[in-house]
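Note that the chains take the letters A, B, C, D and E in the order they are written out, and that residue 1 is the start of every chain.
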Amino acid sequence: MEYLFYALSTLSIVFALYMVLARNPVHSVLALILTFFAIAGHYILLNAQFLAVVHVIVYAGAIMVLFLFVLMLLNLNTDNEPQKSNMWKILAAISAGMLLVTLVAAMKDSEQLVVLRSNQVLPDQGLVHNLGKLLFTKYVAPFEISSILFLAAMVGAVLIGKRGMQDDPML
Amino acid sequence: MFSFLTVFALAIVVLFAGLFGLRKHLFWILATGLTAAFAVGIGEWIGYDPAVEGPKVLAGMLSFDYYALSFGAVALGAMWLIALMSGFSFRHLNKSLGDHYGLMLFSLCGAFCLFSYESLLMLFLGVEILSIPLYVLAGSQRRSLASNEAALKYYLMGSFATGILLFGIALLFGSTNSLDLQGMHTYLAGSLERPGLFYTGLLLVFMGMSFKVAAVPFHFWSPDVYEGSPTLVTTYMSTIVKMAAFAAFFRLASTFGIAAEHWAPIVAGLSALTILVGNGTAVYQSRFKRLLAYSSISHTGYLLLGLLAGTPGAGGAMFLYLLSYVTATIGAFAVFQLATGDSGKEEISVFNGLAKRNPWLAFSMAVSVLSMAGIPPLAGFFGKYFLFAGALAHWPWLVVVALLGSAVGIYYYLRLIAAMYFTPADDDAHEIDVPWAYAVVALVCTVLALALGVAPGYVMGLV
Amino acid sequence: MAHMLPLIPAFPLIGFLIVGLFGKNLPKTVTGGIASLAVLASFVVSVLVFGEISSTHHAVESQMFTWLKAGDWNIGFSLMADQLSGWMMLIVTGIGFLIHVYSVGYMHDDEGFHKFFAYLNLFVFSMLLLIMGSNFLILFFGWEGVGLCSYLLIGFWYDNAEYGKAARKAFIMNRVGDLGLLLGIFLMFTQFGSVNFSDVFQPELVASKDPGVITAICLLLFVGAMGKSAQIPLYTWLPDAMAGPTPVSALIHAATMVTAGIYMVVRSNVLYSASPDAMAVVAGVGLATSLFAAVIGLRQNDIKKVLAYSTVSQLGLMFLALGMGAYATAMFHVTTHAFFKALLFLGSGAVIHALHGEQDIRNMGGLRKMLPFTYAIMLIGTLAISGFPLLSGFFSKDEILEQVYLNGGTLLWGISLISALITVTYMSRMLFVAFHGEFRGTHEQAHHLHKPGLSMAVPLGILAVLSVFGGLLNTPHFLHLPSPQWMAEWLKPVLDHAHGAADAHGGGHHDSGLALQLMAVATVLSLAVMGGCWWIYSQKKHLPVSDAAQEGFTKVVAGKFYVDELYDWLFVRPTEYLSRFLHDVYDRLVVDGLVNGLGKGVVALSGQLRKLQTGNIETYLLGMVLGASALLAVLYML
Amino acid sequence: MELLLIPFAAALLAIFVRGDGARYLALGATLTNLGVTLWRLVGFQTDGSFNHETNLPWIPELGASFHLGFDGISMLLVLLTNILAPIIVLTTWKRDFGQAGRFYGLFLLMQGALVGVFSALDGLLFYVFWELALIPIYFICAIWGGDDKNRITLKFFIYTFFGSLFMLASLIYMQQKAGSFDLNALYAVELAPSEALWVLLGFFLAFAIKMPIFPFHTWQPDTYTVAPTGGTMLLSGIMLKMGLYGAMRWMVPMAPEAFVGQSTWMMILAVIGIVYASIIAVRQSDLKRMIAYSSIAHVGLIAAGVFAFNREGLQGGLVQMLNHGINVVGLFFVCDLLEHRLGTRDLAKMGGVAKTAPRMAVLFMVVMLGTVAVPLTNGFVGEFLLLNAVWQANAALAAVAGLTIIFCAVYMLRAYQLTMFGPTGPRTENVADVDLVETLPLALLVALILVLGVYPQPVLDLTAGSVERLIQAAGL
Amino acid sequence: MLPLQHPELINQYILLSALLFCIGALGVLIRRNAIVVLMCIELMLNAVNLLFAAFSSFLGNADGQIFVFFIMVVAAAEAAVGLAILVMVYRNTRSVDISFLDKLKG
């Protein structure tokens, strides 16, 4: 199965790069969606089936559509996004490259991870049944609390998104 | 825990009250609710018994111990003062007042998570609950370009930093097989040889927190956002948000104290850099909010010393410092709001001759500013004292840097004093009408700044 | 008698307080009277004390209170009177009283009358403290006190800025000496653990100390003496001090204060005798000063300046005597000098008074006929100082010359004789130019001559008598006058322990024939010189030319060898330049510049740091990424 | 304790007093405090033990307590503070401060803080009072100051604050070694040589700046010149003694061995300051500035004596602190009188005042003589002991330090000449003599100058025991 | 699958996520369009998600997957708020170019 991993990895990297480098924002969106699909493939490889499904629905289905929607709304679906100077791009590339190098270098000698592995094999840990149980027992508090997050995000988005509040001149 | 729930409930009540047009009563609802939450918090504090109840509540996710409860009470108190100031700041708001209050309270909920988290998941959620309403609040003056810019900058950089934080958490998870602090403890205690993965994760998490507390080089957002946001939001950000972030940061640092030799030098470096850049840049500022932003960065630098102390008393020192810093900042912003009024002027010159016009206001401001500068016997001095003293044994050079930074700090704090006391007022300046709410804020802040100096040890024992 | 001791300085102090505080509201006669009476009272008590000493042969001492007790120091405020200070007390109070009386007349028209007397009383008080102190610190009190009074009185006419300058110069030069004295006291204290005369002046103790240290003490003390007694190099203040009223010049700058240095050396004779090197220095400085000042005196035309240089020169002579170990001789000359120099000054004061402030002898002339009494006075004074046989100066000066010959050899004797002859020259010149020939002053002066009143004439008369007969105090044995060498005998208890001192064989051990020969040589030469002067200035009516017309060496002499200019150039100006430099350049630019530079550096740094905050999100993000990689790199290296 | 409470309470009260009442309040409070101080002197134990101790718990976590006590040294300086305070109030009696309440409120606050500094027996308390003293004087200087006050006072504040931060660092370090801020506990700490050196330097920097000694003095002339004269008097008369006192009580006994190794160059700095400032003072044209420089010179001598740290030096230093306070207040008062009468401080524009204002001239003369240290004035006692102390430590240095005797005469006589003597000019023709309100403080100062000069022993007796104990504590 | 057959693949997963993370960061740095920048941040978050999932699988610990859900939740909420802010900015400036937002500085 290793080659499947490498294939998916290659795909995700290529699409990710394309997303970053594409001139047209819409192309970027599409490339990102493809990247997400590749990542979903990884999830399946990793025995995280439910996660893969949710991932596709939430990201590819919801978030990216939202992005696309906004892009269209703001009429930005053209190739003429202003570009930064090459100098800057090179600088940025070097910086990002340095980040990668230092990140990887700092994670040296990761072999010891193996010690932590549990010997139990849990082929079904990524299934909805298992995850649901976890979510509503151990993680019930964060689950509830994340509602605050949604509420806040909703109120916030409405607050600054809605048009015309004549009675609030500051807005 | 119950004060946390009270705040959450209050947020929803306020939101709906706003929706149903109870504009006039919103403030009182808010005030009552906050008072109730505060009272509940105090009750919890008094009733807290580590032996009986056990420290973990909410399934090991949040733990409302003395530390969390004390910080929570301070945050509620600060929120209460900010609410008092809102009557004036938000006077132009009509329908959306409830939304503003609601968002602030939501954010406060995030702060509560940060005070009490036991799991990195809650840390992450707390950070987000704290931040997301703030992105909105920063941009709440929708017509103001500055406000827009502040919101976008805050949002973009905040999200970026969240990415870093998450990557770090992921690495920690991978290397320790755990997400909660208890698990980390166990892991740390059990293994002497720890992989680079672990330290990298830890460092990335620290970077994420550094962003929240605005430590150099992750501080860039703060001056711009502080300046662009509505003043009240800036007040909120520079007090409650900073306090929450530091409370969380300290919890983290004390958890990983055993591994300090791998992160302490880096934090020390960050601290030194932060002190230098914060103080150094503040010297040049002429706009008040920006000045306070840089000063706040420098305070971050001092507070980072508290992470290094590695002594049990360090939490108390952080608490004292944050308390003194929060009161002083609120006091300063309150006076600033009054001084600048509707003019929208941000220059320090709005304070010119304030001592002649409103001597008590000027006095309050002076106390706040001197407390921030760390002049004894004000609260800020003792905050600094305990932080510096804690770090002195292991980081003498850093303490020297911090002292030098304080000396530089005096320069710009005194400029404010000089403006109020030694510079004649502008021609059109007149005596400012002080609304009662502001009088209360100024009084509370001044009294606290003076009183904390009398019994700092007691305050430190609270956490 | 001891309980009366504090009264002696107390009277003038009380006089000072009364006159100083209330004098302005009292009539002048009352003011002058109180002041004079205060000194008179001191004099009377001094005489009583003197009598006591002469009958008991014991010193009288009075402990008043502990002035300072700190660390190892324990200094009592105590006074004492022994033979030496007893004698000085008489001179100070006696002559002081005469001059007070004289001043009542002399200062009568001055608006600062009461102030003047207050200062004079204060001076007498300080001087008495100086000579009566029983330790070096009390001596130092008086020492500085007289310096202060000298300052106040030189600058008495304070609206004249030049006088103020002269006063300051006097004080400051004295202070230079005082520093030496103070350091000498310190060194003495570290050596002896005390500065009480009775503790220090113990020959055995002194002998047990390192001679080098003793020499150092002596030299430091002598620095003080140089300042107070106007010796090279600290003499230049004294001629300038003539800016003060003439009675002041007489009292302070001739009779009493300037001899304090001699008093101090005599007082410390135990130390000096133990240090031949210090003695040599004292003698050398004395001789040099004597000659140098005398030469300058040759070309002075201000009547008071002539007397001033003469004083410097005579003081040099006294130090020469001290250097020879002839302490009693020096004291003898102090006494006679006090008489005749006070006389001369007061006489010149009478002249100046008569001529409404004229002091230049070239503008006088022929006063012999106009002011016969004053002429007589001045003549006596001049003859006395010139060593005219049997007058006071004759004895004292010849004794010094003799001692120099005996202890210093022919060369020194020759030089000091030359110095003495020069003295004769300028004194005669002054006398003849001023009093002989025709009057060269203005018509106005001639017709409004102020003849000295009674209050001025009586003291002059008394002093004249003393100048004539003062020599009898210490006549040589070979003249077979009653009580020969009285003074040497009198001072013997104080000097007794001075081993190897010249006075020890002052009694008849030496060759009377030699003494007589020396005396004869000196007298003949003096008379010849005086005659020559009479020929030149009285008969040929030779007039000193104006300063501008002088050239060559005479110009240098008239310019006082440009020592003032030299000092100005060496000390005053460099200090002033340094002061400006330090303040305007060094302090402002370097020391403060560093401080301000630090501040400016911070501000400049701030100006640069804020540029980091570009406002552009991209740079912020870049900064964050770079920062993150840097931190990761650090972690990697840790 | 009530020595502290009286000024603090009065300060609080003064803020609320409108108009001239504040003057009377301030005078009353300072006189009361003086009275209490004098009363405290009755039955005072001069054996070096601490009298009238107050010890209240404060921050037990740090071993910091509100611990006050008065030994001879403290008492002397408290006495200085409380004697000068009413005199300074009197000297400012006729000055218009706009709102007198604010000025006197700050003034009294300062007085309380100074008393606190001199009597604190707890390191942290000492530091708190130390900084507390800085705030009111900063306000006084900056509110009522002259030209360019903002910049100069800012520099003053930052400079001195900067120094004291290092003292704080040393104190914290000591506290961590001792576990307590108690004076005796801090004395008892044994430091390794390298630690001791740093602790010493931390203290030294703070005190050297406060005194100030060369080369940390540059804030001083500017600040003295720009401050209102009342403030200048506080600064020069009392506040700079904080540095000297601190060196005595806190610096040396903390790290005596390190101090012994370093004392020579400290003394050299002090002595350089003497000569340096004296030379500068010689040509100053601004009277106030000249006094400021002269003050540096005098303080340099005191510092040199204190750094010699022998009995003579400490005793002399203490007595001279008192004397310098008295003299310099007198000088600044005269300067203030002249400035208000003539409208200038430029010496070149004065002259001949003695003719029109003889009483002032006489009083000024005595003050000047005290400054010049003529025997039988107070200045001599101190200078004598101090020079002797330096002499014992290093004879050559004493010879250089002794130059102060000469230079001080040079510049003081020059100043006196240029102000009082000489011909009267257009400015000085109609100068009014000092009136009763002005004579009173000046005469009091003059009386002190003379009394302390003739009979200094009581002061020396007051401090002898404490000095002895201090030297023992330092083991020197 | 991973835990069963190829535990050593965890290193490759870590590398992959790091790479994706850095590509995201690169995008953040070089793009001027705020929406694209947002997308790049989403990519970074996804890199994290992948890492969590990999660890979860490797360690046999489902907590990692739970965490991923929360990240998704947050990402969604963040995206909503972010886009609202963008729209607001666009309304005021007619642009979503982040380079133009540099009024606040110094």
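The definition used in the following text is that a contact is a pair of C-beta atoms (placed from the backbone, for glycine too) under 8 Å apart; a residue touches a chain by one contact, two chains touch by 3 or more.
Computed from a predicted model, the values in this text were never measured in an experiment.
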{"item": "Chains contacting each of chain A and chain D, listed by label", "value": "B, C"}
{"item": "Contact-graph separation of chain D and chain E, given in steps at minimum", "value": "2"}
{"item": "Highest-count interface - the chain pair sharing the most C-beta contacts", "value": "A-E"}
{"item": "Farthest-lying chain, centroid of Cα atoms versus that of chain E", "value": "C"}
{"item": "Chain occupying the middle, per Cα centroid", "value": "D"}
{"item": "Centroid spacing, where centroids are CA-atom means, of chain B and chain E in whole angstrom", "value": "27"}
{"item": "Distance from the mean Cα position of chain D to that of chain C, given in whole angstrom", "value": "37"}
{"item": "Separation of chain A from chain B, taking each centre as the mean of its C-alpha atoms, in whole Å", "value": "30"}
{"item": "For chain A paired with chain C, centre-to-centre distance based on mean C-alpha positions, whole Å", "value": "102"}
{"item": "Chain C, residues touching no fewer than two other chains", "value": "599, 610, 613, 615, 617-618, 621-622, 625-626, 628, 630, 632, 635-636"}
{"item": "For chain B, residues that touch 2 or more chains besides their own", "value": "121, 125, 128, 132, 135-136, 139, 142-143, 151-153, 156, 160, 171, 174, 177, 196-197, 199-200, 203, 223-224, 284-285, 411"}
{"item": "For chain D, residues that touch 2 or more chains besides their own", "value": "158"}
{"item": "Chain pairs in mutual contact under the definition given at the outset", "value": "A-B, A-C, A-E, B-C, B-D, B-E, C-D, C-E"}
{"item": "Residues on chain C engaged by chain D in the complex (per definition of touch)", "value": "65-73, 137, 140-141, 144-145, 148, 151, 155, 158-161, 164-165, 167-168, 171-172, 175-176, 178-179, 182-183, 186-187, 189-190, 575-576, 578-580, 582-583, 587, 591-592, 594-596, 599"}
{"item": "Interfacial residue positions of chain E with respect to chain A in the complex", "value": "1-7, 9-16, 18-27, 29-33, 35-36, 38-40, 42-43, 46, 49-50, 53-54, 56-63, 65-66, 68-70, 72-81, 83-88, 90, 96-97, 99"}
{"item": "Footprint of chain B on chain D - complex, ascending", "value": "58-62, 124, 127-128, 131-132, 134-135, 139, 142-143, 145, 149-150, 153-154, 157-158, 161-162, 165-166, 168-169, 172-173, 175-176"}
{"item": "Chain D to chain C touching residues, read off their complex", "value": "155, 158-159, 214-215, 217-219, 276, 279-284, 310-312, 315-316, 352, 354-355, 369, 374-376, 380-381, 384-385, 387-389, 391-392, 395, 398-399, 402-403, 405-406, 409-410, 413-414, 417, 420-424, 455-457, 460-461, 464"}
{"item": "Chain A contact footprint on chain C (complex, rising order)", "value": "618, 622, 625-626, 628-630, 632-633, 635-636"}
